[in-house]
Structure formats: structure tokens, C-alpha cells
Amino acid sequence: MNTKTAKSNSRTGDLFNRLIRGDWSVFKKLVPGDSDDALDLSSIAQALLSRRGEASGMMLAQRLLDTFETSTQEARLAFFLDLAQNFAADPESLSAAIEQYQQSPGDEALARLGRAVEPRRQELIRRLNHSSGGTHRLIKMRESLQGFLRAHPELAAVDADFLHLFESWFNPGFLEMRRMDWRTPANVLEKLIEYEAVHAVQDWSDLRNRLEPVDRRCFGFFHPQLAEEPLIFVEVALTTEVPSSIQTLLHPEHIPIPAAQASTAVFYSISNTQKGLAGVPFGSFLLKHVIESLQREIPTLNTFVTLSPVPGFARWLGGERAAEKSEMLSEETIEALKVLDDDHWYEDEDKTQGVRAAMLDSARAYFLRARNAKGIVLDPVARFHLRNGAELHQLNFLGDVSPNGLKQSHGLMVNYLYKLRDIERHHEAFVERREIVASKAVLGK
Amino acid sequence: MNTKTAKSNSRTGDLFNRLIRGDWSVFKKLVPGDSDDALDLSSIAQALLSRRGEASGMMLAQRLLDTFETSTQEARLAFFLDLAQNFAADPESLSAAIEQYQQSPGDEALARLGRAVEPRRQELIRRLNHSSGGTHRLIKMRESLQGFLRAHPELAAVDADFLHLFESWFNPGFLEMRRMDWRTPANVLEKLIEYEAVHAVQDWSDLRNRLEPVDRRCFGFFHPQLAEEPLIFVEVALTTEVPSSIQTLLHPEHIPIPAAQASTAVFYSISNTQKGLAGVPFGSFLLKHVIESLQREIPTLNTFVTLSPVPGFARWLGGERAAEKSEMLSEETIEALKVLDDDHWYEDEDKTQGVRAAMLDSARAYFLRARNAKGIVLDPVARFHLRNGAELHQLNFLGDVSPNGLKQSHGLMVNYLYKLRDIERHHEAFVERREIVASKAVLGK
Amino acid sequence: MNTKTAKSNSRTGDLFNRLIRGDWSVFKKLVPGDSDDALDLSSIAQALLSRRGEASGMMLAQRLLDTFETSTQEARLAFFLDLAQNFAADPESLSAAIEQYQQSPGDEALARLGRAVEPRRQELIRRLNHSSGGTHRLIKMRESLQGFLRAHPELAAVDADFLHLFESWFNPGFLEMRRMDWRTPANVLEKLIEYEAVHAVQDWSDLRNRLEPVDRRCFGFFHPQLAEEPLIFVEVALTTEVPSSIQTLLHPEHIPIPAAQASTAVFYSISNTQKGLAGVPFGSFLLKHVIESLQREIPTLNTFVTLSPVPGFARWLGGERAAEKSEMLSEETIEALKVLDDDHWYEDEDKTQGVRAAMLDSARAYFLRARNAKGIVLDPVARFHLRNGAELHQLNFLGDVSPNGLKQSHGLMVNYLYKLRDIERHHEAFVERREIVASKAVLGK
Amino acid sequence: MNTKTAKSNSRTGDLFNRLIRGDWSVFKKLVPGDSDDALDLSSIAQALLSRRGEASGMMLAQRLLDTFETSTQEARLAFFLDLAQNFAADPESLSAAIEQYQQSPGDEALARLGRAVEPRRQELIRRLNHSSGGTHRLIKMRESLQGFLRAHPELAAVDADFLHLFESWFNPGFLEMRRMDWRTPANVLEKLIEYEAVHAVQDWSDLRNRLEPVDRRCFGFFHPQLAEEPLIFVEVALTTEVPSSIQTLLHPEHIPIPAAQASTAVFYSISNTQKGLAGVPFGSFLLKHVIESLQREIPTLNTFVTLSPVPGFARWLGGERAAEKSEMLSEETIEALKVLDDDHWYEDEDKTQGVRAAMLDSARAYFLRARNAKGIVLDPVARFHLRNGAELHQLNFLGDVSPNGLKQSHGLMVNYLYKLRDIERHHEAFVERREIVASKAVLGK
């Protein structure tokens, strides 16, 4: 144990003695923003990891979280930095464990090495979780941490420890899929309005329009500790054909069809809600659960398809058009695309007819040929669905003429198709060989 | 990767190809008990950890658990041994990671080392948990594993991996304390009858007697994935004084007192239910939650006390009496104890009066002076409560005259007292200095 | 208003003034059993019906029910008699209303007549129902009333008022059918043990045997105000054929069949639970709901049948055998029936074979030809099912060899068959023409 | 039975035979709006009351309600008129029952008379209630009926029968009080927006403002058969003093106080939701339940008060001002009130100060002296609260400056105070002596 830790422990000892006498005033006296704040968070953290933590753990955990949540940004940063520096694995124990393993590499040595390499932060996070509401508060703590990551890359190790535990705690086996509809409590529904990331919900009337009609569904994953907000949710429309326009699909005067008449389930929006759970994979599991559940509910469904944005398209296209010589697009195409610079081109039938073919050619290039440095398809939404085993099924010119849709993809949307019996094969093609599985229509055959 | 794994992987590949074509018959064809069974479990395990596992993970996990549960003991053992041998950390990756760490011991090297030292089994167990009902089935799998541990100590590493994950998954933050009473579903209540480990529940009428009166309580910890059985539960009686006899406390014709008249909450039985969760600590958390909850419900309560068995007493006393010369007990005491050899001594007033003092002296010796090789108090129940910060409060001669009570402790019971403001101090005294905190009455002062 | 009422009102006034000053002691002072008790109940009743009842109704209702429940039998009887005498329709108002109606028989006169003829007790009962738990307490009050009916036929009018309101309150539209199984709260399940009226439940293990197997069902009607006990419940076995013996059906070692393999649902017990609801018809509605619900759950079911006792058979047969000359049974039959006087005849194969034909002939006579004074079939269970539109389907010799079964029907049981498309026709045949609809097998054709 | 009924019965018989053969087409064939529609409704009604109704009642009830709900206004009216004419008490049976009663007026004759006077409609309505969802549909049916009452006063008897049954079915003993807050399902909350009758809810944000802050409450009565909408609800604000302005109370930037700091519960809005339940009294019971519940929840509350509109004030004041000579108001007052004719007078400090005294004097006259033909206070809201036993506590000048508030009462609001120990006395004062109980402040003493 290095000197710094020893010293902070000594301070902890003092604080701790007052604390166990019930003298919480010691904390309250400290002026918010006072530079000692960070030390306080660290002191409580040390106490929580100490032997006394066993007896009064829940109280200490509560206190640390309370203090953290009322701390300044400076104090939080100092605490995170302290976690990075002083709550890592102990170098001496680790060296000793390595040495023992190298001398006699049996199970026991491995186990010791495993324990020695685990950062002490992980046990700290586990103990913080003992307190009531701890899980949600830890998610918020990581959200706070992520705000510092760019400026302080040394905090990445702390972030990795949060993620490691969250992946274990939010194992799909612990999640419950629930349908949300117009009977769902208002405090849950307002989360949908808040978190919808793809096609913003305008107001409660728009929300109702997405939940109440008999041909609409919404499903989310819930964790028992966060009963009032979904971790992720997907919005679904039941239709008789693969849709090509989000504005048509969500039209306020849309006339519902009976669910039993639907052949197609359209996933038109999927949104994560907790920034603090970034990196924990939910989407793929949710889609598979929803497909399974819909098949049981509505046996007539035979097509499961998305209506998806193409968030990287406009930027990429801008690059190609700005390049001296595009390797992806022909000169004619680039010429035709000039119309995109006109205001309101998408409302002018002549202009849209003129640019349609060029746009779809560009889209094909974007999906089928353009690749990033690692040789993977550029579009993040495409990466998600193709990795899940879906097929790029259809390109939709002017599929989203909202300001956001025009800005990010000149209105382009696409459908990804989930064919259950091909999912595994497509997944492997993408993961192992980076192949883009696409329909004949998209391939232009 | 050693040759064996490679070979089994190749076999896996073949099986797997048939499997993804939906040809599950390959498994069904195998005769139960056939020596290939184990290989099958291992094959599915390999597939589940492979790249394909991402796409068809839930199906594979389901299959592995189904197969395991219908396998013979031989097949299960073979599978566990395979987990020990072939699903540990990969030695080569580990050596490489160690080397890198020793050369440049930064965060990145530490992270890589952490990943390399983690047995592949852990990821396997996490993926098995994806399947529906997986958590409970994994607990049962570990229960099965524990049956092999004595004969196969090399499986200890596998057991440690289960325990590591279970400690994370069953973090107290994820448990819900629920009261059980006579309105609780029958299928939950029958678990109480099944699992009560301290004072057996005779029948439903006995159970009702422990749950329905207004001066009785029962609380358990539940995990969302095991909604129909408590992981641990504690039975409580509300009284006006510290009780000294379990037969009196549980008398079928006991007349209930209004809860608001009670001053004392007596924890007279605490039972774990899942063998497969052995080593995951619940008891201390449950007691603290229950105390907190009872304080809120019944503000008149001022004493929280157990009525506990002394399971190691009779054996220890037998040793002392058999010894040529006891260092713990005086000759007079040993002489007086001879009456314990008489049949039905406890029903004879003369005999009980004659042995009472000797018994209590022996009990003092047992608790206050006798120690095991590590210098710790012998009695396991005492260790649990003293570690939690309780005080050894009262010795109860003839506190339990059931056959079991007489056999394990010649009828002796004790009370441990939980004083909230002393818990931390007592806990430290015991953990750091191995002190037995006892009341003046017990100390004989 | 007659003198008696006036006087009691005056007394009420006095009591009431003290009561509204919060002086409840006036009631408490009265010695239980004191002859004034009845007056007290009546006084509160008068207050509750008075103008003041509007403001303090719930308090008065509570008080009346509390007082009633702690009153002696004498006091209760006095109260009921007072209800009969002094809380009927007011004769003067009624005469006036009749007169008006006879002079000008319009809607208004009719309405006034309707109000005048309604006993004041009905409004009293309605107001008692305002208090918390009032519905259940009123049911218990009627149960108490029924104990006096035989000795005091003048209370029949009071009983009729309870029944009139209960029929309205327990309209099938307000009842909820719920399945009860092994997950049902224990306090509800113990009601099944308590109330099972046909084939007594021995203990919790017997109960579990009737609820938990996958081929057993139990359904009850619940009223929102009595959430913890069914008003009526029916026990169902799923089988592959029409059963002929209750002991076989309920055999403890019975091996369950998957529900999806069942063709037949057997209603083998139907029990009312609330004596205070006697006369309110639930059974027919419950059976129809259960049939509908089972058809939805298990589409393979094609036969809905009872296995029913024949409670009046042994008594009737005794009469025929004792008669000098039976008009129903032949001499041979009567001769053959003598074996029934032997102990344990039903365990002797020779004897059972000898009496079988005579017994079945007698049963045919009992069901098909014997009639009561009103010309209706004698057996009460038969009346219930035939009125519901069922068909007498099968006679089962030695269908119930329990002591009770032997005593009431020499072991005879029968099946009634519910064919949905014939129910209406059978119902009319029975109700309008007193026809017994029976299968060819029963008719002996 | 008159000829018309006989004929319609004969027709019924024919229809009914086809109906029990499953030939529902007979109904469907009829063109909507066809004049036979009404006959159909009546035919089903006749069938439902016939003997067959016992067996196939639920099906017939369902059918009648389905048909009614898709009928034209003409068909509905014809049906209601038929109910009035042909489903009343049978005159012959009634005459016979009267005769019997007059000859021997015992219990039996009374009972027969009671049965004879009951319109057959009542049994019809009870049987309609057997069908699933029947209760709610009957409420809607009465709502439809009420639309015809003014033009067809002969339907009043039919309406009275609905009301008679609804009063029994919606007895307070069957209602459940529930708190509604921001966790309440959205489909229930939107009913609050729809039905709020006093101070309109602008949008979801306004609704949230009334439900979510810790110093706001909303309670409603629910009936088990209408689980998704309250029958009546009251909105409550917790404050530290009696409020005098609704705009201040509902200010969007209102800063909540902790409930434990509140001394006063303010009922600022109470709304019925079901027109079809008009005449069934809920309000008084709800207020008393809410007061009781709030007292338990927040023991510091000592004042229960309304903030109420004065809906009849402006109209009455207009009358006084228009009269040649007001008997209620002095000439000075009338002179001062002229400012009310100015636009936006309430925003001009001089004008408001000038009219204040005259307005309050007028209000005193309106409440304390003005009376309707029956000698009762004019204001309907005052009648409700005074009858409940409240006291007119405070007059609030410019308490509601919304357009509606200015229009109906020139901005005047009042508080009614509920003092539990005086409720009974005040109630009697009002009901028996028509006294207006008012505070000294209001009385001007």
C-alpha cells in the first residue's frame, strides 16, 4: 500500500470514528465546493471497503451516494481520479500473485491471481449497490463519469469496471420484457417521450397515436431495480406490406387495421434510455424477444422488418461530392445530386424525379462498397442490424422528410429484414467475413 | 489451446452444423447414459462460447440446460471435469498478458491481464443465464456440482466461478424482502415447510401457528428470477420479554398479544433454502432489514434478540467429559454432568436442578474460553451472530427439549442480542480481536 | 305510525342526542344480555333511517353491526322481531298510495305505490352496507336470522328483504370467476377445505392433489367485497372418458395426463360457501362460465359432464322397500335389494354382482318415474342439473363407496351431461313440461 | 296482458325459434334505421324475460346491448317507449294483489303486492347486467335515455327504474376509493382531463401539475365493474392556510411544500363523470372518505376546506341590478356594481377596490337572504356542501379571474369548511330548518 493511501486511511479513521458515533455533521459542515469534498467521497469509499464496511455497509453506501449526488463537478472528478489511482489492483499483491503463478501455475495460483488483478473499485461498486436504489444511482454515477472521459482518458479503467459489473447485473436473464400501451402508468410513458431517439414524440397525443391503435405495439426491457423506466424500447407498427415512409406510417389520421389482418411487423424505432448503461448490449435480445412474442400473439405475421434511418449517409455523401474525384460515385451521379443543394427540393416533383436514381445509386455505394478503416460498413444502424443477422432489404427514397431525416440522409430510409431461419447464417457472414447481406432489389440484380 | 480442445472443437463444428440446420435429433438420438453425453454437453458449451453463440445463444443455452438436467451422474461429472480442464483461462494468453504487464504495467496491460485470467467458464455461465429460467437452473447445476467436490477437489475452481457470479447476481441490492403470512400463496408456503432447518414445521397447522397470529412474523429475501421461493427466511415472535424456551414460544395454545404491546422481537429460526447458493451471504443483511422494518412497523419494540440453538455444544461437552483431564471444566462440574447419561433426566425435577449449574458453567466455558485451531469460538451459530455484531445475552437451560435439542446441546439454547448502536463496535471486536462480547449475566459478573 | 314505534323513536331521540355528542358509553354501559340490548339495536336502526343518518350514516352503520355481532341470541332475536314488526311498509302510507292508484292509475301513482310497499328494512340494509366490510357482515347477519326462521315464521318477510337485496348485489354481472390452484393464497385455500360440501377434503395434501396436477382445475365466483373467499366453487378433473367412480378419480396415486390430451371435463364437486346467501343462484352461471373458459383454454375438450351424488336415493329406496307394496319396484328387485342390509356387501363380489341390476332398475325408477307432490323429480341434485339443461347421462353402480356415499345412495353416482347446443331445449323440456331428459343408456333403450 | 304485448310475444316466439337455432342473421338482415328495429330490441327483451332467458340469458343480454348500441336514435326511442308501455307492472296482477292485500293484509299479501308493483323493466335491467361489461353499457343506455326525457316525459318511469337499480348497485359499500397520481395508467388519467367540470385541465402538463407535486392529491371512487374510470373524483391541495384564489393555488410555478408541513386540505374541484349515474349520490361519501384518509396520512392536518365556485351568483346579481327596486341590495351597492360593466374592470386596481365592498355585500345577500320558491338557498354548490354539514366560511373577492369565473360569478369564490364535530349539527340545521351555517366573518359579525 503506498503512502498516499495510508494517509488517506488515517484521515478516514478519524472521520470514521465520528461517523460511527452518529456524528454525520462532520460531512455536513464541509462547504459545498470545498476542496475537501473529494477527499470525503474517497474517505467514505475507503471506510466502505474496510472491515467496518461489513457491519455498517448499507449506511456508508447510502452516505457516499448522497454525498456524490450533491457534490460539485470538481469534487466528482477528484473522486473519480482517486478511484483510478488508489482503488486499482494493489501492485504488490499482484506481483506476488504473478510470481506464485509462474512458479506453480495450478488452480490455486490462478484463483489468487484472479483476485489480485481485480481492481478494488469493483468491490466498492458492489457494496454501493447494497443500498436502497443503489443500482439506478450507480448508473447515474457512470453517466457522470462519462462526461469526464474525453478530457481524462485515465478514467477509462474506472469506466471499464462499471461496465464489467453492469454487464453481469443486466444479463438478459434478469430483464423482463413488457408491453407498454395506453394503460401504462403516465410516469413510465413520459420516459418514452423523453428518450425516443429516432423519431421524436411531439406530445401526449402523438404518443397515444403510437400506443393505443390496435395495430401498434411498444415493448421494453425492464430491470427489477428500475421498475419505472425501460432500459430500451422498440416501437412497432403492424401492416400489410413493407412500409417505405415514416411520415405515412405515423400519420395522425392513419386508420388502424385489425391485428389479425397484419402480415408484417415493422420496427420503426428502437431507443436506449440509460446513458450510464452504454456498452451493455440490449437491442439484439429485445428484437428477438419481440419477434417471438409477436409470433405467438399474431400467428399470421410472416415478415419482420425495420424502417430505419441512415444516420451516416449525408455526411458520407457530402465527402464524396466534395472530393476531387469520387471513387464511389460516377460523375453523372454527382452531377445529378446537385439538386440537393436547392431549398425544398424534396417538395418539387421534377427535382425529386431527377435525383431519385442518383440517390439510390449513392445509397448502394454507401452500403455495399464504402468501408471504414477496419473494413466494415460505415453506417452504425446497418452495423447493428447486420450483426444481428438481418438483411438489407429495401432502399426508400424520401422515406423521412422531417428536418432531421433530410439533414442526416437527404430523406433516405431503409428496411432491414429479419428472416428467422437465416439469422444465424447472415450473422456469421457479417461477423466472420464482413459481408453485407442484401436483397436482390438492393443489389440491383 | 491444447489438442484435446481442438479436437472437441472439431467435433463441435460438425454437431453445430447440424444443429443450426435445426437437426436437434443429433442430441436426442444419443442413449441416456451413453458415454458421449458428456461430450455433448461440452460441445454445446463450446458452441455457446463461439461466435455463433451471439446469434443463437438463447437456444443453445436452453439446450445445454435441458441436456444437463436429463443427464446421468456420470455425464454430469464428465462435463464438470471438462469445464475444469478446458474452460479455464487460456495459459498462453495469460502468459502473454503477464509478460506485457511486467514490461509496461499500465491500465491497458492490467485490463488485458484481468481478461486473460478470467476462466472462460464465467462467460459460459453468463450466457447460460440468458435462457428463460436460467438463473434457477444454474443454482441447481451448482448444487449438482457440489455433490462431486469432495471426491474431485479439482472441481473447486469451477465451483469458485459459480460462486463469483452468484455473489454478483445476488447482491443484496437485487433482493427484495417480503413478509410471508397466511395470505401468501400455498406453493411459497410449502417451501417454508420444506426448508425450515432449525425447528422443523410439523404440518400446515403448525405453519399457520407461526404465520397467522398477530404476534408472529416471517420475512424472506426473494430474487426477481426466483419469485416463488425465498432464498432465506427468518421467523419472528413478538413478545414482552426475552424468551428462554422454544417449546413455550411455539406452544400451539399460545395466546397472541397485540403487536403494539410487544417490546421484544425474537428471531427464533433462520434458514437458507438454496444449497446451490452456499457461500453467498444473505443472513446478516436479512436480519438488518427485518430489524429496520419491524422498528418502522412497531415503534414500541426496543429489544431485538434471537432464541438460538447451540449445535456444537453436546459434541464438545462429550469430548471434555471423555478427556482424561479437562482443561475447561472442573471435576465437580464433570461429576455433576453424569446425570445427562440418564434417560429422561430432563423430565426429573431433582435431576435438572442438580445439573443446572454445571451445565451453565460448561456453557460459559464453551462460549467464552474454548477456541478452535484458528483461535475462534467453536459454535457456528455464535460465529454468525457475533460476527454480525450481536452480544451473547443469555444462556437458557432446557431451552429446547425436543429430541434434536437434547441431542445437539442437552437442551441448551442461548439468546443473542442486537443493539443497534453497538453492532459496529461488537463486530470489530469480534473480527479484529476475536473477542466474544457477552452480557454481564453470561460473564457471571 | 303506531304507538310502539313512536315510543321507541322517543327513546331513540334521547339515545341519539347522547350519541351525537360522542357519548357512546351509553351503549357500552348496558350489560350484555340485558333485555335493553334489543332496543339498542333497534334504536340505532331508527337513527340510521332518520334524517341524521345522512350525515353520520357510516358511523351508525358500523355501530349497529358491532353491537349486533356482540349481542346475545336473545337480543338478536328481539332485533329481528322488531325489524319484522316495526320496519315493514307503513300501513297508512300504503293505504293512501293504493287509494291514489285506484283513483288515477298513472305512472306517478304506480311509483308512489312502489315506494310505499317497500319495507323500510330494505333501506336499513342498504345503509348498513355503507360501512366498511358491511356486505360480508350483512351476509353473516342473515345467516344468524336463518337460525330463527323455523321457530319464528313471522321473520320470513325480513329474510325475503335480505334475499331481495342480495340478489341485486350479487347479480352475476358483479361476480368474477377466478381459477384457484396451488399458487392461491393459503387463507383462500383453507376455505376450500372448510366449505367443500360434496367430497370432504381430508387435509392439505388431499387439497394439493385436487389443485396442482395439470389435469385438475378449480374455479370459483368471487365478489369484490369478499375478496378472500369464493361464494361458490367447482372442482374439475380433465379425463379421456366419462368417469364412473369418485374414488378412482381422486385416487392419491392418480397419474396426471397433459391437459391437451383431455377430451372430457368432469365437474365432480360444486359447493356453496355462504349460508347467508342461500337462495341467490350462482351454480348455473358458474358452470356456464367454467365451460366457456375451459373451451377456450383446451380446444380439444368435447364433453362436459358431472360426476354427481344422488343424495335422496337411499331414503327413497328405504321407503319403497318398507312399503307394503311398492308401485315403483318389482318384487324381484325388492328381493334382490335385501343384500344391502348386509355389512360390507359392497366389498363382496358375489353380492355386488347379485344386486347390481336391481340397483340400476331402482335408480331408473327413482329418476324417471318417481315424483314429488308437485310432479317434479325427487333428487335435488337432479333438479339442479336438469333445470340447467343437462341430460341424465349415466348411472354408476358403486360410484362412491365412502361411508357417506353408501349411506345416502348405496354407492350410486350419476353423470349429467352438458351439451351446449341442447341446453336450451332440455331446460325448456324440464321447466315447462317437467320432462327428464336422459340418455338412451339410462332410458334402457 | 294486452293485445299488443301478446302480438309482440308471438312475433318474439318466431324470432326466438330462429335465434335458438343460431340464426342470428334474422337480426343482421334488418336495415339499420328500419322501423322494425325497435321491435327487435323489444323482441329480444321479451325473450330475455321469458322462461328461455334462464338458459340463454347471457347470450340474449349481449345481443340486446349490441343491437341497442348500433341502433338509430329512432329505434332507441321506440325501444324506450315500449319499455314504458309494455314492461311496466302488469295491471291485472297488481289489481289482484291489491285486492288480496285489502282482504287479508298480512306479510304474504304484502310480499305479493311488492312483487306485483315492480315494473318488469327492473328484472330486464338486472338480466342485461349478467352480460360481460353489462353495467357500463347500462349506464350508457340510461345516458341515451336521458336525452329523450324532456321531449317524452312518459319515459320518466323508465328512468326511475334505472336509477332505483343503480342506487342499489352503486351503494357506497361497493365503491373503492383510490388515489390517482402520476403513476396512474394514462387511460385513467385522460378521463380526468375529459371529465374535470370545475376548472378545466388544459393539457397533460397541467394535469401533471395537479397530480405529481408532494402537496397535491386526487382521489376517486371506482366501481369494480368500471375499473378504468372513476365515477367521481376530487382534487386536493395541501396548504398552510385557507386559500382565496384558484389561480394562485394552481399556479404553474407553485413551489410544493412537504405534506408534513401542511395544516389545511383544500378541495378545489369535485367532478362526476357518468351522466348515466345522475341522481346516485357519491359526493358526500367521497368527501368524508377523503377527509378520513388524509387525516390518517397527514396527522398535522387540522382544516378541511373547499375552494368553490358560486355558479348562480352572476345571474342572480343581474336580476337584482335589472330590477326596478331590489329588495336585497341597497341603492349604493347597486350603484357601485356598475363598474362590472366595464371591460377588464378586474385588472384595474382602482375599480376593484371600488367594487369590493359592494360585491361582498351582494354575496352575503345571495347566500344569507336570497331563497328560491321552496325557501332554500339559491346556489347549487352551497346546497351540496351545506347539506353535507359544512359551514360557509369565507368569501373571496376575485378568487377566480378565468373567463368562466368572471362570467358566472364576477370572479367570486367561497370556502366551505368541514369541521368534523359539527357536521351532524350543521346538516340538521340545514335539512330541518333550512339554516345557512356561516362563519362570523361571512355573517359580518
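Every chain is named by a letter (A, B, C and D) in the order it is written, and numbering of its residues begins at 1.
Here is the rule we use: a residue touches a chain if its C-beta (ideal position, glycine included) is under 8 Å from a C-beta of that chain, and two chains touch if they have at least 3 such contacts.
All values reported here derive from a predicted model rather than from experimental measurement.
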{"item": "Those chains which touch subunit C and also touch subunit B", "value": "none"}
{"item": "Distance between the centres, which are taken as Cα means, of subunit D and subunit C, whole angstrom", "value": "37"}
{"item": "Separation of subunit B from subunit D, taking each centre as the mean of its C-alpha atoms, in whole Å", "value": "60"}
{"item": "Two or more partner chains touched - positions in subunit D", "value": "none"}
{"item": "Overall pattern in which the protein chains touch one another (line/ring/star/complete/other)", "value": "ring"}
{"item": "Each pair of chains that touches, named by its two labels", "value": "A-B, A-D, B-C, C-D"}
{"item": "Residues of subunit D defined as touching subunit A within the complex", "value": "182-187, 189, 203-204, 208, 228"}
{"item": "Residues of subunit C touching subunit D in the complex", "value": "20, 22, 51-52, 54-56, 58, 84, 88-89, 91, 98, 101-102, 105, 107, 110-111, 113-114, 117-119, 126, 129-132, 134-135, 154, 156-157, 160, 165, 167-169, 171-174, 176, 224-225, 284-285, 288, 387-389, 423-425, 427-428, 431-432"}
